[in-house]
Each structure stands twice: as structure tokens, then as C-alpha cells.
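What follows is a pair of complexes built around chain A, which joins chain B in one and chain C in the other.
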Partner chain A sequence: MANRFDKTKEVKVDYTRFVVPFGPVHPALKEPISLKVTIRKEEILNVDIRLGHVHRGIEALAENRNLVQTLYLVERICGICSHSHTTCFIQALEEIGEIIPSERALYLRTLIFELERMHSHLFLLGIMAYEVGFDTLFMFAWHVRETVLDLFEEITGNRIHHSMNAIGGVRWDLPPNLAEKVNDSLKKIEKSVKYIQEVFQDKTVEKRLCGVGVLSFNEAHELCVVGPTARGSGVNMDIRRDRPYAAYDELKENFSVVLRDSADAYARTEVRTFELLESINLIRTILDKLPNGPISKEESILKLMKKIPEGETVSTVEAPRGELLYFVKTNGKEGLWRLKVRTPTIPNVLGLKPMLIGSEIADIPVTVASIDPCMACANRITVVDQDKGEKKVVNCENLRRRGKKQ
Partner chain B sequence: MDVAKRSRIKSPWLFHLNTGSCAGCDIEVVAALTPRYDVERLGCVLVGSPRHADVLLVTGPVTRQMLPRVIRVYEQIPEPKTVVAIGSCATSGSPFIGSQMIEGPPDKIIPVDVYVGGCPPRPEAIVKGIVTAAKSKFG
Partner chain C sequence: MNTIMMLLITFPLVFFLSLLFEGVDRKIHARMQKRIGPPIIQPFYDFIKLFSKERIVPVTASSRIFTAVPMIAAAASIVGAAIPIASLILEIGIGGDLILILYLLTMSSVMVMIGGSSSGNPYGAVGFSRKMTMLIAYDVPMLISILSVSFNCLSLAYYNIVSTQVGMKSLLAFARPSMAVAAATFLLCIPAAADAVPFDISEAKTEIIHGSMVEYGGPYLALVKLAKAASNFGLTFLATTLFFYFPALLEGYASVGLGALCLCLVPALILLLLTITVPRTVFARLKIGQAFKFYWLSPLALSIISVALSTLGF
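So, the complex of A and B:
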């Protein structure tokens, strides 16, 4: 075996290769992520992904706070899937404390969950259209999204961070007149979603997205990619069906898992457009089936918090971007020993490397957008994926230093 | 009034910098640019480079990794410039205050002119913040 540190070995410098730093502050990215892309002419040879620009130390902070404070902290992990985070955390607490929320509370949780999925998917479809260069559709998708946000505001009082969950139930009820309003808005949204779907089947969009950022079934399986990214590559997985939580157990027959085999950016976009329609159907069913009863426990949240004993559990939900996993270990004194969050973007962002290698520079924004990365979620830990053979990595800092020397 | 001064009030160009926020404020900034709130009718455009911008919109509590980038982006914006801090994190650092990874809030690092509170603030509030900043600094 050749010695890696053998100094006599001649190193050939290939001047046709360039390393292009992409990010963390880049107009095509709404959130900071840093990619170091090695290129030869237009072809991408290698990609290094660096995260950690949004690392806020939330897991460490959670260990110093009590359970209710942590509930509001985990909500602020991500602004787009905030309800997924709180639901996952609350489920874990309820499992440890053996608190069973009422049926109505579970249905309301599911309702907000599906509304959030719609808001997140519309958000992505807009961004996707923007990256393709179709600004009109971007504006249109975001206009539709405002209708969903209006519903959030009517039901929970907030547009982004809903604060809907509480230990043992939810905080806001859905009066019948509001349910009617949701139904009316759904009609409008469905019409617009069908229109967006039609536009995405346009030849121009198809040509831009088909065959871009291909992640084969095997690679997707090996990298444990989750959510719409996995379903776009033909991996049949959905936590809503595989490991039902909240009211999904009773709603199993009312939605189907959308699968595509072509494994490119177009497939991932298509999965999301069809999931939007599934969500609309699901919300209609929830409104029909909504059982009567209380929405929360009679005891106050503080009393319930004191009752939660020492214990540990794992809880999963299907966030808009894929499987979200929480490991919670309580200390029995209103606090936490350990909180571990594994968000869907962590496995998905690793899928970027096989997607980008072999494609062109111009495909980077489309490919990055197609996995719908949520950097705010991913950056509680640092992932450094470095190819050891690649020693000529030049980042912004190094470039600046070199510039000063010359 | 000279032309440069007038055009700066008529069309302040924005640069949006995420310094570690949860994306809540970021999507509200973008929502302010889309049809419902449409800050573009006031002549505001989101630009891709800080060298073209007049107004810097800062979201997030400034994480350790983003600290040198915040300073660099601020230095790249040509004078006269103004900074709007958007969201509770950018105004006071809450709820991440006490974390070892947080170097902010941003006003510790760069001069902030207008604070827009809320978690996240509504797009109307962001529009008001931009207008206030542009009026007080360029007016």
C-alpha cells in the first residue's frame, strides 16, 4: 500500500481544474450554504458541501431550559416547518408522560400539519419557477401561498410560527364558521394548484428540469434520502403511512403516496405538485370527520409538565421535506437531559453530491432548489464532506489572502 | 435636490442577509416583495450583490460562522447606507440568547438604524421599516 504521506511522490497540478466557491452569501440562495465546486470547463468534477453557517446551538440551549420553554425554542429551529418540530417534540413528551390527547386535538394537529405541507410545497414550487427563470409563476405561487397563510392566521393567530401545540392537546379550536371558510379557500387553492400543475407540464419547464440532478434509486437508498426527494427517486417511503402518528392512522385510506421513477429535478417537482392535491383532499376529509370534544386537558400545562417523569423516547413525523426524528430524554425535573434532532435536510443535502457531479455549473441552483434544502433546520451540527484526494480547495478566505500576497 | 439623492429615496435597493435566522423572517421578506404586499411598487428591488445595494436587511442573531461575512457584506455596501434589523432575533437575540454560538445581536457588530420587532414581523411592518430607514437616512 502506498504511503499517503510519501513526500517523494510527484504531485501533478492540473491547471484545467478550477475550484469555484458558491455561497454562503449568494443571490440564488435564500439561506447560507457553502458549496465548493471543482470544475473542468463547464463540467462539475467534485462537490464539497459545508454547512454550519446557521448553527445556533439549539440542542445545547434546550438542556438549560424547561420543557415548555424548549417547546417554543424547537419551534424556532425552522420557520417553514415549525409545526412539524413542535408536533414531534410534543409527541415524545406525551409518550414519556403517558398523556393521551383527545381525538379532536389530534385531528386539529393533522389539519395544521397538512396546511403547512401545502404552504411549504407552494413555497418550493415558487422558488423552483424562480430558478428556472419563470418569475411570473414565482409571483403566482407565492400569491396562492398567501391564501394558506391567511387560513393559518385565522385559525392560530400567527402566519409563520403557529404555536398551536401544547402538552396534551392544542391551543386553538376550529369553530364551524371557520371550517366553512377553510373549505371555501380550498376551492380557490385547488383551482390555482391545477393551473400551476399545467404550467409545470409546459415544454420549456420540462426541458430545463428533465435529466437535471439525477439521483438513482440505489444512491437514494444508500444515502437514506427522505421525503419528496426519495419519492422522486422511486423510494417508497412516507412516515404518515409507515409509522402513523396524530390522526393519520384513521386517515390511511384518504391519501396515497406519490411516487416517480425518473429521479431528476422534474420528478421531485412533480411529486410536490401532486402531493398538494393529496393534502387538499386530506384537509377536506379532516373537516368532514372532525370529532367533537375538548381540545386540551383540564389541567394547566405547567401541572402537566411537572408530571412528566424521567424517560427517553424517539418520535418521528413526516415534515414537508421528509422524515423528521427527535430523540428526547427528560430528567423528571421539568427539564431535559438530552435533545437530538435529525432533520430531513441532513440526508437530502448529502444527495447533492451525486446529483451535481457530471452536470454543468448552470444546473447548480436548480438542483439545490429541487431538494428543497432548509438550512435553518440542518445547521445544528456541522457536516464536512471532503474528498481526501482533493487538496487544492480554495475558499473565499484563502482567495483573499492569496490576492493580498500578489 | 440632486439626482442621486432623489433616486435613493425613490428606489432604495435592498440586500437581504441571513445571519442564522430560522427562515421565518426570510420568507416574510420575500413575501413583502410578492404580489400581496409588493414593496416593488415603492421602487425597492432585491439585488444580488451588496455593492449595488442601499439598504441592508439583516435577519437572524449572527452566528459565529456568519460573523466575518456580516462585516464583509456591510463594508461592501457603498455609502450612504442604512441597516434594517428584522425580527426579534436581529433586534435582541431572543430566544437564542445565552447560546455559545451566537455573537449577536447584529447591533453589536454593525450600526443598525431601524429595528423591526416580531417573530416574525408581518410584511407590512417590514415595508414600514424600509420606508422609515430610507426616509431618515437618505431624506
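So, the complex of A and C:
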């Protein structure tokens, strides 16, 4: 029997490669995501993606609240696509309760939806410019975004969390003078968007974006990426067209799905700039077509909530970042058995690995930004003690106990 | 006695001017971006505030190098920027001080680079390797362009080149074609030496969190920032006086001395705005390979052309 001490263990240390932690706190990231990037010189050899730094237990919270409270809770999942979340949730409730909102309410929902898409895309274009070190374009894009936010404030009273949706309708109407104002602002925005489009064709910007973070059509298809990330890789999908909701069924003719084949960061950016123009056209059509009628049901929301029976359904919308999916199971007693949220970032973040491997460190921020990640969706908190090298997972129970103590 | 007083004033003057230039740069950068921007004396506020902050040395850093380096960097770049000013005021030329000035101005970025790599932070290491590559890219054309100047004026003393311009009653860059090419090379190298945006690869904020400067904070950061401001000021002042010495166009008293120094500051500020502020407003950051290619294609070729022209006597 060989002595186990006979063999000397050979340890090979490769000094040419080292691991750079990218995040959870990093100036290029809007929200915490942790990438452990193995690099050799400037080339990326491997990527390890970790999520879960902003887990807030919203799904569990929703199970302890009634439906109207949950409506405002899901709005807080994301600050950028708050309207997408409430629309998706409210659609599920309306389907279970067989409540049909009025035409005008559906059109107004769509209007806010498209404004939100513009606000989100302008936000991302600014971030993209910032990642490539083009601060001037970043400032300009956010300046334009401010116009959209002002419109939100005029229409709904809030800039970010609009609280527009209610069961069976919307909460605020759009008087004609406001519609005119929206039209005026759209002219300004259209001009600026065209300018942004031109600037993105600038040589130095193009150099940084073209051929960076390539996600081929097949990979995009296999990983089920959604939204502009998928459309940038040539995957023809858009929930607005494929599974119409709100007023999109009647507006089908008024927008086209923007597709690009080059599958790089530039393609994803281009998809977004063109979608901005599509959104502008769509909003103009909505303002023209806006039907008359009530914006909500006569019954109070609490009465409507009590009417919603036990049932379950799946609801999807095309959020600015891609397909947003809700699974809702009501218990018939004003509450929920289960709420499952699948935000567009969850499939999109998987695409990061094939995009990053083989590229340079300088491409990480651009690539990460190009999928427009929204990290407020994941699992557990991991506490790492660096001195002892320990890792332990803090679960929901620990958190609750700790919360009670303080 | 008077001479010593003058020399003593030079150092605070460089400190004041370099921070003031940085303030103007930041203000105009902001105005070009439709922002209001910080007040012009903001760099002074920053400097004072940073000095009142805690000194933090990371556990992983080799602390002696880490703490010594910002001081050496600040001292080197201030002395580097002070030499041209002092020799203008005192009207003295020392053989070979041109090499010394360039060496001291480069010293500050080399020192910051070393400090970053001694911090034990992987971003510092990446910043080090990037800055190293950039140094090779821009320093060679920069030195060759200066070499071409000294070929032309047959001197390596800074003051002699200035007095050559006074003697010619013309600006060096407009006097001979070889010098125009050398001036273009030098100006093209300034953004990289100053780490301004298209070439700020070594301290890209969104990529490697300021690279070498990642672990610096408090007084150390204040010194590092001062070193950068002073070297930016030094480089633009050097470029102005070597190639565009406007007082040379004037007669008599104003062409050298204290008055001439004051006259040079305005063109120096304009040059700073043109070579640092404007590029960092209108360009996006390049990648390291792209920047290297740019420097070894155009400025290096230009500098060699200028040397060739000056040996031919143009």
C-alpha cells in the first residue's frame, strides 16, 4: 500500500492569468452584479456571474399582502420599468376576475408604456455613452430623458413610480391640452433622438461598440434572451406583436419590430435608437386615436378586489428590456398564494458569458451595459469573511430574525 | 537675495496656476456639456478638503512605497513646471534642462503608476500595464519632437530656445516647416500625457476604476491630483513657450522676464483648452490597442519627418 505522503503534490500556479472582480460595487454598474473575470493581459478567459446582491424578498412579501397593496409593491421592483410591472400584474388580475377595462383606459396604459420605453432607452443610451467614456453624449441623452420625465409628472403626478394603473382602468385621464403638450414635447424629443443617432455613428464611438460582445443568433436562441438583446442578434420576437396586450392589438399596423443582424453592442444600441423613433410614432397615433369614454370602473377598487376569485394565470408584457412574465395565483380572499416574477434581465444576463469570453477588459462595461441589466431580481445574500475565507448564505429566516431584533 | 526670493515665489505660483488652470478646464468642460459646472476655484476646495480626510493605507499595499510615491510625484511635477517659469523670470539657461523638465513631468505619471501597482489592488496592476503601454506610445514621439527642436536651435537649454525665438522675432512653430511638424507632434502627445479622454485608458473610470489611483484617498489623493494638475500645466506651458512664444513678437522689455511670463499664460490656457478640454468633450475613450496604433502611426511618423526636415536644414 502506497503511503499517501509519498507523492509530492505538484502545484502549478499560472502567474500570467489573474482574477479581476468586476462589481458588486463598480462605477460602470448601475446596480450590483458580481462578475469574476479571469484575464490574461487584456484578454478575458472566463467569466463567473453572481447575482443576488439586491434580493428584497418581494415575492414573499406579496404573499402577505392584499392585491391592491401588492400592486404598489410590484411597482417598486424596478424604478425604470415600474409601469410594465404594474401592467403585467393588473392584466393577470383582470384576467382572473374577468374585468374588462374601457378602451380609453387601455390606450392610456399603452401611452404610458411607450413613454416609459422612451425613458428607459434614453437612460440606457446615456449609460452606453458613459461606458465608452463619452460624457458629453451621456449628459445630452439624460437631458432629453428629462423632457420625458416632465411629461410623466404632468400626466400622472410622478416622475418614476407613476402609479397609473388601477384594477379595471387607470387613475388619471389625459385632458386635450395635455395631449397637445405631449405632442409638442415629442417634436423636441424626435429632433434630439435623431441627433443622438448621428452622434452614435461617430468614429470613436463606433470603434468601441462594433464587434464588441457578439452574441450569435444561435446562442441568443438557445439562451432565450429577450427584448432588444434578442432583436440585436436577429431573433424576431416582440410581445407587443406576438401576444398583443393593452391596445397593441389595434395598433399593430403602427409600429414595426426593429431587427439587426450584426449581433454586437452596436446592434443592440441601434435597435434602441430606432425603437425610440417607433415609440414616438406610436404615441402620436395613440393621441390621434384616443377613444372617448370612462377611464375606470364605477365601483371602488376595494369592491373590485373582493370580486376576484381564486385562480391562476400567466401574463406577459414587452417591458423596455424585453419580455416580462408574471405568474399570479390568487386565493380568492383578496390575497395571493403565489407571485412569480421573471424579469427580462434573468435570461439576458446569461448571454453575458458568451459575449465576454475572448474580448478585452475594456469591453466589459460596454457589454454589460448593452444588455441593459436590471439587477433587482435574484436569490440570496452571501456573506464572505475574507480573513477566515468563510462563506455563509443568509436566508430569509435569518433576515427576519435580525429584522425583529433591531 | 532678489533671485532667491523670485525662486521661492515660483513654487507657490506653480501650485496656484496649475489648480486654477484645472478649475477653468472643468468649468469650460461643463459649459460645453450644458452643465453649470463647479466654481473655478473648486480644485482648491478639493485640495483643502482632501487634506482634512483620513489617511488610509490598504493592508495589501507595501506601505512605504505607497505613501512616498504621491509626494515624489507632486514634488517632481511642480519642480518640472517651475523650471521653465524660473528660467523665464531669471533669464538664465542651463545646458540640458529641457531633458530634465521632460523627465520630471513624466516622472509624476510614472510615480503614480508605481504607487498603483504597490497598492495590491488588481485594478492598480491593470492600470500599471496600461499606463506602461501608453508611455511607450506617446513618450517616444514627444521626445523625438523635442530632439528636433534642439537640432534646430542647436541647444538643449530651455532658455536658449526661447531667446532664439526672441532673436528671430517670430514664433518657432511658424518660422520653419520642420518646427511646425514638431509642434503638431508635441500637441498631439499632450492629451495622452495628461490622461485626457480619448487616451485616459490607464485610468478609465468605468473600466478599471481610475486604475492606479484606485486605492488613493485623503491627502495622498490630493497630492496625486496636484501632481497631475501641475504636470498638465507644465506641459502646456512648455509647449507654449517652446513653439508659440508670443512675447517674441514684441519689442524690447516685454519680450523676456516677468512681463513675458504673464503674456504667456493666456496662450498656455488656450492651448490647455484645445489639447485637453476639447478632446475630452468631443471624443469617446479609445481602447489600448487603438490608442497605441494611433500614436505609432501619426505622431511618431510626424516626429521622424520633423527630425528629417531639420537635419536637411528646413
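Quick note on the criterion: the second predicted complex is superposed on the first by the 363 of 406 C-alpha atoms of A that agree within 3 Å, B and C clash if a C-alpha of one lies under 4 Å from a C-alpha of the other, contacts with A are read in each partner's own complex, and residues count from 1 in each chain.
Assume a contact is a pair of C-beta atoms (placed from the backbone, for glycine too) under 8 Å apart; a residue touches a chain by one contact, two chains touch by 3 or more.
For clarity, every value in this text was computed on a predicted model and none was experimentally measured.
In the superposition on chain A, A:Glu360 makes contact with chain C only, while chain B stays out of contact range.
In the superposition on chain A, A:His161 makes contact with chain B only, while chain C stays out of contact range. Look at A:His53: by the touch rule set out above, it reaches chain B but stays clear of chain C. When the two complexes are overlaid on their common chain A, residue A:Val205 makes contact with chain C while staying clear of chain B. In the superposition on chain A, A:Leu73 makes contact with chain B only, not with chain C. Shared-chain residue A:Gly234: touches no atom of chain B or chain C. Of the two partner chains, chain C is the only one touched by A:Phe18; chain B is not.
Once chain A of one complex is fitted onto chain A of the other, the partner contacts of A:Phe123 are limited to chain B, with no touch recorded for chain C. Touched by chain B in one complex and by chain C in the other are residues 27, 139, 143 of chain A. By the touch rule above, chain B contacts chain A in their complex via residues 16-18, 20-28, 30-31, 34-36, 47-49, 60-61, 63-66, 69, 73, 95-96, 98-102, 119-120, 122. Only residues 32-35, 122-123, 125-126, 129, 197-198, 200-201, 204-209, 280-288, 290 of chain C touch chain A when the two sit together in their complex. Those residues of chain A that touch chain C in the complex are listed here as 18-21, 26-28, 41-42, 129-137, 139-140, 143, 202, 204-205, 207-208, 360-365. Of all residues in chain A, only 24-25, 27, 30-32, 52-58, 60-61, 64, 72-73, 76-80, 82, 123, 138-139, 142-143, 145-146, 149, 159-161, 374-376, 379 touch chain B in the complex they form.
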